[in-house]
Structure formats: structure tokens, C-alpha cells
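Next come the structures, one after another.
One chain, chain A, links the two complexes that follow: it is found with chain B in the first and with chain C in the second.
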Partner chain A sequence: MNKTTSAKSRRHSGTFVERTLTGLVRKTERALFAEEIARADGLLQRLDPRVKIVGLLSLVVTVTLSRNLFTILSVFALGVILAVLSKVPVRELALRIWLSALFFTGAIAVPVLFITAGEPLLRIPLIGWTITAQGLTSALYLTSRVEATATLSILLVLCTSWSSVLKGLRVLHVPVVFVVILGMTYRYIFVILETARDMFEARRSRLVGRLDGRERRHIAAGSIGVLLTKSFYLHHEVFLAMQSRGFRGEVYVLDEFAMHSRDWLALAGFAVLVGAAVWLGRQESLQTLLNLS
Partner chain B sequence: MHIPDGYLSPETCAVLYAAAAPFWVVALRRIKRLLNTRMVPLLSVFAAFSFVIMMFNIPLPGGTTGHAIGVGIAAVVLGPWGSMLAISVALLIQALFFGDGGITAFGANSFNMAIVGSLVATAVYRVVGRGAEITATRRVAAAGLAGYAAINAAAFLASIEFGIQPLLFHDASGAPLYAPYPLAIAIPAMMIGHLTIAGIAELIAAGGVVAYLQRSNPSLLKFTAPDAPELDSTRVRTPRSMRPLWIGLAALMILTPLGLLAAGTAWGEWSANDLADPAAREHITTVSQGQAPPSAPPEGLARLSEIWTAPIPDYAPAFLSSPAVGYVLSAMFGSGLVILVTTFVGWLFGRRREKLTTTTPIE
Partner chain C sequence: MELAATKYAFELADVTYRYDEITALDGLSLQIESGRRIAVLGANGSGKSTLLRLLDGLYFPDKGTIKSFGEPLTEEAMQDEEFAFAFRRRVALVFQNPDVQLFNPTVFDEVAFGPLQLRWEKSDIRRRIDETLESLEISHLKDRSPHRLSGGEKKRVALASVLILEPEVLLMDEPTAALDPKSRGHVIDFLADRSNAARTVITATHDLDIIEDIADHCLVFENGRLAADGTPSAILADHDLLERTNLIHAHRHRHPDGSFHTHPHAHRFHEHDHEHK
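Let's look at the complex of A and B:
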């Protein structure tokens, strides 16, 4: 094989195999990053997982309930303060969460500036399009809400180990069987991720020729098929292992959490904050504070 | 299509949680009866598999890649109830641990993708594949179409959920509080991407996996096809072309009842002409709680409508009097256009690469 062909084949076969590989590795890294922060000694890490789940999820709901920008931005600021107090690196948060949310939702929100009917606010020179106050407000509602809720929900997993999050879900009356399934799913995601990564790496190391579209699709579908077959064998092995240890279909979760005084204090704090945010969020008069219309 | 938090109002989220809950309960009961002690490991491993599949890049015709949800595969292998549970669990893990899709919107995402997706995929797979042998090509086509129909049904539901937000929820000044686009924008915006890129990714994934399993592990396909005739092991099956699948896709595009719901003018989507027309003005006044529209179109609107005359105004060519026919044609035209452009770009890049390599001296 000559040099040019091999260079070409690298480019060609690289596209989807490599992109999938990068995606798989990135997912694993992200989970490891979360586990690392969850072990740090910060404000949220010290709290009972049940308090965190109830508190942070209630704040997420208040953000979606809020009818003015002031409240949404205040809760967002609260999320940032909690992140700092919990030793979550703000730079990472900005890069991983805020920027990606801003790009995705920001792009969706841009046309709203121009197409929403309302009072004209600003005319873009040259193209002559008019930004309306209502359009700007609406775009801000969407992006600030997405940023605030993304920050709060990521704080929950960043500051709690996943097994505690799952057990803590019991307070939301998630059935035990679901909690167990969720826990096992999370565990086997990494097993299957690793299998998939090995498969793609093996495939990449064997690829030298150029693949046309049909062949690439064959490889992709074949890989999924192989993974499916492997998953079925895996489930069978897991089932046998569970059965041999006495599993008869009933599932139990060890409830090892205990509420300390600081947990009660934090719960009260969350209750006050959520109450205040819900009340503030209903005040339409607050619109004049930040609204442009 | 994973709806993040903040796009849907809490009311919409609550309704969709309530809509999803009975399906979860029924699915859990049925699967438990069917699998008994095997349920927990099967659902866990399959949910983990669905999660990993969502990250695969599926190569599409034209050189691009897309992601599949895997609902077509799940429904074909596990049946509707197992599929909706496995996909819901995968979606919950995505929302909780990886920030893909919102926590308040989890009910909506599950309802669209896991529940309706699984039901649609199962229905299409059963109808198209009815009576076919396990190793028949028709089963490949059935699975591909099942995936394609499922993802588009889910996207259609999501677009309706987006589209009703500005109608129902705005603040005192009239600014939409949540997803800001009305149905007439949300539906085409969502559907064009899903009828083409995402739909085809799902089609290739589901059809391709069934074709693979037919060759390597046909027993996995038996669960959802109890009516299939017994396998004839002496017959050697040769791989056939995927043409029936592409024909099926074209048929599906024609049948898409896209945008029929959005016929008529949506609130707030009046054109400059509507503001001048007395009949339309009266209509606007009635739907705006008695508030009369301005007598002349706002300057900005008039200017905008002069500058931007879309190639397909109101999504329907002028010569078509029926809005329904026009809408469907526009959707097909739009999807066709996207396929054409991606194929062309892919071909262009392919040519450039070939050119580059042929001009390089060969050692």
C-alpha cells in the first residue's frame, strides 16, 4: 500500500469510528470528574443526599415557575454561590455547562429577538431588522432559565456520589425496584461503554482500506448488533450471579442515611429560599426591575 | 430531541408526567409477570445498552453522521413494554447524571421518545413485518421503518409541546415565558431535521441491527415475532439491497400528515396583509380578547416582510389552494432539499479528496 492511500483511508475511516470513540471516552471522563468533586469537602457534600435532592430539585421547579427575570437570575446566582461553597471549579462549570447551554439555547433564541411582536427597541444598522423589547425579554427568559436549571441540576450530581443520589430518590417515592434498576444501569453503562470502546478501537486498528458509505453503515449497524448480543449474554450472567446469591425477585435498599442538625438547618434554609423564590417569581411588578418592555 | 429544563412550562411538564405514569405502571406489571426474577437484570443491562447506543455516530448517506435513540431496536427486541421502561431508565440517567434533557422535562421526554416511540415502533414493525420469516428482508425494512416512524412521532409530539407554549404562557408585556416559537414554526423546524438526519440514523440503526441479528443471532428476534414461520436452516440467505427501505422512506415522507394541525393563522403570526384585511382584523380582535390590532402594520414588520420573502411563503406554494396538500408538499420538499444538499456537500468533499490524492505523487 502506498503512502497516499493510507493517509486517505485514515481520514475516511476515521470520521465516524473516531467520533464515536471520542464521545464514549468523554462520557466516561465526565462521570469520573463528577465522582472526584463528590468526594471534596464542601458545603453541599456534607449534607444528607435527601436534603440535596429535595432542595435542589425544588429550586429547579421554582425557576420554571418564575414569571420574571429578576427571580430567575437570583436563583441562578444562588446556584453559583452554592457551587463556589461546594468547591466546584467555576471554570469547569462555565466551560462544560454554561457555554454549551448558551450556544445551544442562544442559537435557538436569536430569531425570537426579531419575530416577536412588540415595542421596537433597537434597529440593527445595514439589515434594518428591529429587535423588540418582548423579543429580547423572551430570549432572556429562555436562556436564563436553561442556565439556572442546568447549574442546579448538575450541582446535585457533582456534589453527591451516584449511589447516594439513587438511594435518595426514595424520598420522592420512586419505587425500590426502579432505584435498583437505575443503580444497576449506571453500573453497567460503564461496562458496556468499555466494551464499545474496545470494539471501536479494535476496528480502528484493523482499518487500512477506504470504506464507502454502505460499508461504514454496515460496520455501525454490525457494532450495535454485536453490542446487543454481548449485552444479552451479560444480562444472563448477571442474572445467574444474582440467583446464585439468593435473589428471588424482591429488592431491598439499605437506608443508611441519618439526618443531623445541619441537615435540618439546610432543609429549613432551602424551604425559606424556595418559598421566597416562588413568591418573588409571582410578582409581575418585578418585571419593571429588569424587563425591557 | 432531549428537551432541557426551561423550555416547557411546569403545567405542561406536570401533564406529561401524569400521562407517562400509567404507562410506566402497566409496563412494569407486564414485564414483571413475563420475566419475574429476570426483570431487574434484563432491564438494567438493556437500559445501559440503550444509553451507550445514543452516543454512537451513525454514518448517513452523503457523508454526515447522526445519533439514534435506539427506540426502534429496543422495541423490536424487547417489545413495547420492555422498550419503554429501558429507554425511560436510560433517559433518566442521562437527565440526572449527564445533563442531557431536563429533570422537570423528564416526563415529557419519556412520553415522547420512550412511550409513544416504543408504541409507534412496535405497531409499524408488526404491521410491516406481519407473517414474514425471521430472516426475511421484509423484517429489516419493517424495523427500519419502525425506527423512522417512532423518532418522527416523538419529534412531532415534542414540536407540539414547544408550539403550544407561546400560545398559553406569556408575561404581562406579551413576551413568551418558555419556548417562544408557535406551532407553525416549531413543527417544521423540528420535523425537517428529524424527517432527514435523525430519522435516517434511526432507520439505519434499527434496520441494520435486524439484518445483523438475522445472520448471527436470529433467536433474539423471536420474542416480538411469535407469528413468524419456523426458520428454514437449509436455505442460505443472500444479503439483498436496501432499496425497499429507501422506497418505504419515500412513501412515509409522502404520508406524513405534517403541519395539518397548524393550518390557519396562529396567534401572533399575522402578516402585514392580515393587518390590512378587515376580515382578518376582526378575527385577530376576537382571538386577542377584544384588543384591536394596530391599524397599520408596525414599521418593522412591514420592512421585514419586504426584505424576507421566503422561497416558500407560509410553507405552501401559491398555486396550491389546499393548505393541507401544500403543507405536506413543503415538508417533502424541505426534507428532500436537506438530503440533496448533504449528498451534494458529501460528494463535493469526496471529489476534493480524490483530486488531492491523485495529484500527490505516488511513491
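Let's look at the complex of A and C:
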């Protein structure tokens, strides 16, 4: 029984390549989930993508430059409200974004608490390390900025279909060729991932027992080579399909955006918010907030 | 530049095309009249897809000449923007694998791609997109990403992406390959409908079930050469030809009395042309 369980768990875990591939396929599924949110009938989804890109990215820049913790936390709270009004599952946001951001930023922020020189605030018993006011300030700024900017960025991505994000990028004067290449890359990631997954599943369906490392590496290298060849073939075919419909090296696109009154209103709202955040963020207010002085 | 209306949509003279050492088409000569509905039959590797790519001005022959609407179809001619635009407007190819053809982020962008490259007026493009999607009953897919479509939907979007150009010649490469029965039915209905935009339809297939519906003339290919041509009924009746060109196979099965029997099997509605004991 133990032997069976062990074999099952080995089979399930697979090789490094298979695990990587499974991870990528899961990410693909998550991308599909994200598109479901982008099609939901929420506040941000109803706005013109250009307004969202300009508005949310302006807030991201403002938060990054702000020296006022209250302002940063307010923008973070605004992000949460926007998420709720845009039907983005807050639990999903908390697990996928806030916890991840906290974990990775924490790895930097925690040492900062102790190594930043300044006014002692709290001494940790047993180990005797001291948290300084300046260290706490830096850690709070870092963490809150990352959480706020990550929330705003993910809202932009979740509430806007990828095609609209790409078109919206043109507002920021990103070259059309670059935008089109990005779009095609995103499109064919799915096709190539599916091909790779099918290849590995086909191989697994014909395998009995466990191969040694050398054999696995040999098969993985062969599969990568085949996948590369298939990708080249696909690239050739796609180029022919483009030529067949008149492509001659220059890209022409059709913008399908139209600003409605709600978009102008939202743009004005974002302008007011950014203006307020910039004005409030000019001076440090942490000392006032923590009543440290 | 307008290409003149001519009796022949294509004229091929002694055309040879090679992929390195492999000869895909070998000294092919034929004329395709405008307005005809042609089925190009042949087993895998017989040169059907290569022929369509040559007719679409994507490949150019190693030897021999091709004329389209009376004008030489050469690499030099296709370098000329005016000629290329006029040709692309009149001739369109639907690839076998729709994933190859659907390279844009959304169905809307996909259908808009051709007209945009041919520098149509943007207001015309928007109107034609709506009409084309409507005619193929895929308006609801307008904002969808191609990777979220079923095989049948992808095929219809691929069709829409070329039909928006209202081509005079429609080239179809294995249009029913890997489709479920319902989607296959949609494609056959479309090809069988003589009122659709393209006047000349050339379909490469080895699906014998559909050729009487979609074609009034057949070209049968074998190893890059034209093995036969004729009406669908005449070609389908020639079992020796079909077996020799690998379009049907010998079907072996056991009768209730235990004896074995072998006969040609065309997969045509799965009918057997004899009584079982």
C-alpha cells in the first residue's frame, strides 16, 4: 500500500519540466478566469480602457512618489472599494495579491525595522533587537506602497480585456508594431502551451515505470527541440496567413474606442483623486499619524 | 489597379514546385475557369495544399508559369503594391488550421485585419465587419479571443476574415478537417450555397462525402501530378482511381458465417455497395 502511494505521489509530481508545464497551464487557466472578470458588469469594466490606463497608472505613480502614509493608505482603500464595485472577488485579491506582496515585501521590510538607525521604539525580548521609529516608517512605507500599487495594477489587468489593454497602450504612444507583437505573443502562448502539454501527456500515456535522470533529460531535450521546430513552422504559417490578407510589413489597426459621458466623468474623478493625492502626499505625516513627535 | 474579368481565373503551365528534395507539384498544367466550383482531391502529400498556396501568390513555382486573371502571378508582380492589393482583394485563402489564421487578439480585430491592410475606409470596415459577422451568425463572438472559441467557431471566424474582402476566388484548404458533425454541416452548407460572395471556389479535400455538394468539377492529384479530372459523380464512380490515389481503402470485415470479405471503402455515408450474408 505504502509502495503504491509512494509510486502514485512520484507519478503525480512528475519531472521538473512536467511540473513547470503544469504550472504554466494553470497560469493559462488563470488568464482565462481573468477574462471572465473583465467581461463582468462592474464599475471599471464599463469605463473606456484609455481612462482606466491613464487613471490607474497615474494613481500608481502618485502613490510611488507620495511621502504621506495616510495618502498611500487612502489610495489602497480606494483600490479595495473599486475592486468591490467592479465585482473582483476580494478573497481572491487577498490571497493572490495582498498576501504575495506582503510576503515578498516583508522579506525586505523586516530587516529594515532593525537595521535602520534612529530613535528606539521597541526592544524585542530574548533576542534584544531594537525596532527604530525610522525603521518602522521605512517598512510601513514600503509595504503600503507595494500593496496599493499592486492592487491598482491588478485591477487594471483584471477589469480590462488584454486586447483593450493593448489598444489602450497606444494612448501612451507605445509603437503600434510593438503593441501588435505583444498581442500576437499573448495569442500564441496559448497555442504553444497546449501543444507542449499534449506532447508531454502523449509521452506520459506511453510510459510505464520510472525513467532515470539521464533518460528524462534526453526526452525533455528532444521534446524542447520538437516544440521549437513546431513553433518555427507555426511562425511560417502565420506569416503566410498575414501575407494572404494583404500584410506587406506595415501594420494598420482600427481603434474601436468611444468616450461616453461616464468616461469623461471617471477621467475627471481620477484627475481630482490624483490631484488630492499629490497635494496631500507632499509632506510626511507619519509622525502625526503615529504620534511619535 | 483593376484586374480584368477573364474566362480563366488561373492558368498553370508546366508548374513544378519543390520543398528541397521533395517535389510537391511536378509539371502541372491546368486552367481553372472563373465561376467554377472545383474540388481538389488527393491523399496527404499529393500537392493539394501547395497548389492552393501557389494560386494565392504565397509560393512561386520553381519551373513553369501561373497566370491569374490573365496576368502573370510572379514574385516580381506581387512586389508591386497596386497589383498585390488588386490580387488580394480578388483571391482569398482559408488555411486548414484556423489557429494559423486567427492571429489577432479578438474576432473583431481578426475580421478587420484584411480590409485594414488593403487601406479601406475605416467607416466601411466597421460596417462590413458587422454585415460579415451577421451573415455567418457569429456577431456574438465579436469581442472574444480566438483561444476561447471552439473548432467550428474558429473555422467560421477564419471564413469571415476572408469573406469580408468579398473575394472572387475562394481557396479552401481541408475545410471540414477536425470539425464536429454540426460545424462540418455549417461549412458544407456555406460551400453548397451558390449565393455566397465568392464566384470561384476551389476546395482541397479528401472528404469524398462532401464533393457532390460543394463542387461541379474535380481534380484528382497523385504525387504532385494530375491523375484525373471530371464531374464528382464520374470521379466517385471510378473505384480503381480512388483506390490508386489512396482516397479509399480496402475494407476487410468478417461475415456472420465466419468468412472474410474485402471491398473498397469510401467512407461515403458508411454505405457498403453489396449485401451482407
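Everything below uses one rule, namely that the second predicted complex is superposed on the first by the 246 of 293 C-alpha atoms of A that agree within 3 Å, B and C clash if a C-alpha of one lies under 4 Å from a C-alpha of the other, contacts with A are read in each partner's own complex, and residues count from 1 in each chain.
The working rule: a residue touches a chain if its C-beta (ideal position, glycine included) is under 8 Å from a C-beta of that chain, and two chains touch if they have at least 3 such contacts.
Quantities reported herein were computed from a predicted structural model and do not represent experimental measurements.
By the touch criterion stated above, A:Tyr141 is placed in contact with chain B alone, chain C being left untouched.
By the touch criterion defined above, A:Ser163 reaches chain C but does not reach chain B.
In the superposition on chain A, A:Gln243 makes contact with both chain B and chain C.
By the document's definition of touching, of the two partners only chain B reaches A:Phe232; chain C does not. In the superposition on chain A, A:Val253 makes contact with chain C only, while chain B stays out of contact range.
More residues of chain A are touched by B (comparison of chain B with chain C).
When the two structures are aligned on the shared chain, A:Pro120 is found in touch with chain B, with no touch to chain C.
With both structures placed on the common chain, the touch criterion links A:Val191 to chain B and to chain C.
Once chain A of one complex is fitted onto chain A of the other, the partner contacts of A:Arg217 are limited to chain B, with no touch recorded for chain C. When both complexes are aligned on chain A by C-alpha atoms, chain A residues 162, 184, 186-188, 191, 234, 238, 242-243, 247-248 touch chain B in the first and chain C in the second.
By the touch criterion given at the top, residues 53, 56, 58, 81, 84-85, 88, 92-93, 95, 97, 99-106, 108-109, 112-114, 116-119, 122, 125-126, 143, 145-148, 161-162, 165 of chain C touch chain A in their complex. Listing the residues of chain A that touch chain C in their complex gives 32, 35, 161-163, 166, 183-184, 186-188, 190-191, 234, 237-238, 240-248, 252-254, 256. Of all the residues in chain A, the ones that touch chain B in their complex are 2-5, 7-8, 11-12, 15-16, 19-20, 23-24, 27, 30-31, 34, 57, 60-61, 63-65, 67-68, 97, 101, 104-105, 109, 111-112, 114-118, 120, 123, 127-130, 132-135, 137-139, 141-142, 145-146, 148-150, 153-154, 156-157, 162, 165, 175, 177-178, 180-182, 184-189, 191-193, 196, 213, 216-218, 220-229, 231-232, 234-235, 238-239, 242-243, 247-249, 251, 284, 287, 291, 293.
For chain B in complex with chain A, the touching residues are 4-10, 13, 28, 36-49, 51-53, 55-59, 61-63, 65, 70, 73, 77, 89-90, 92-93, 95-99, 102-104, 171-181, 185, 204-205, 207-209, 211-213, 216-217, 220, 268, 298-301, 303-304, 307, 353, 357, 360, 362-363.
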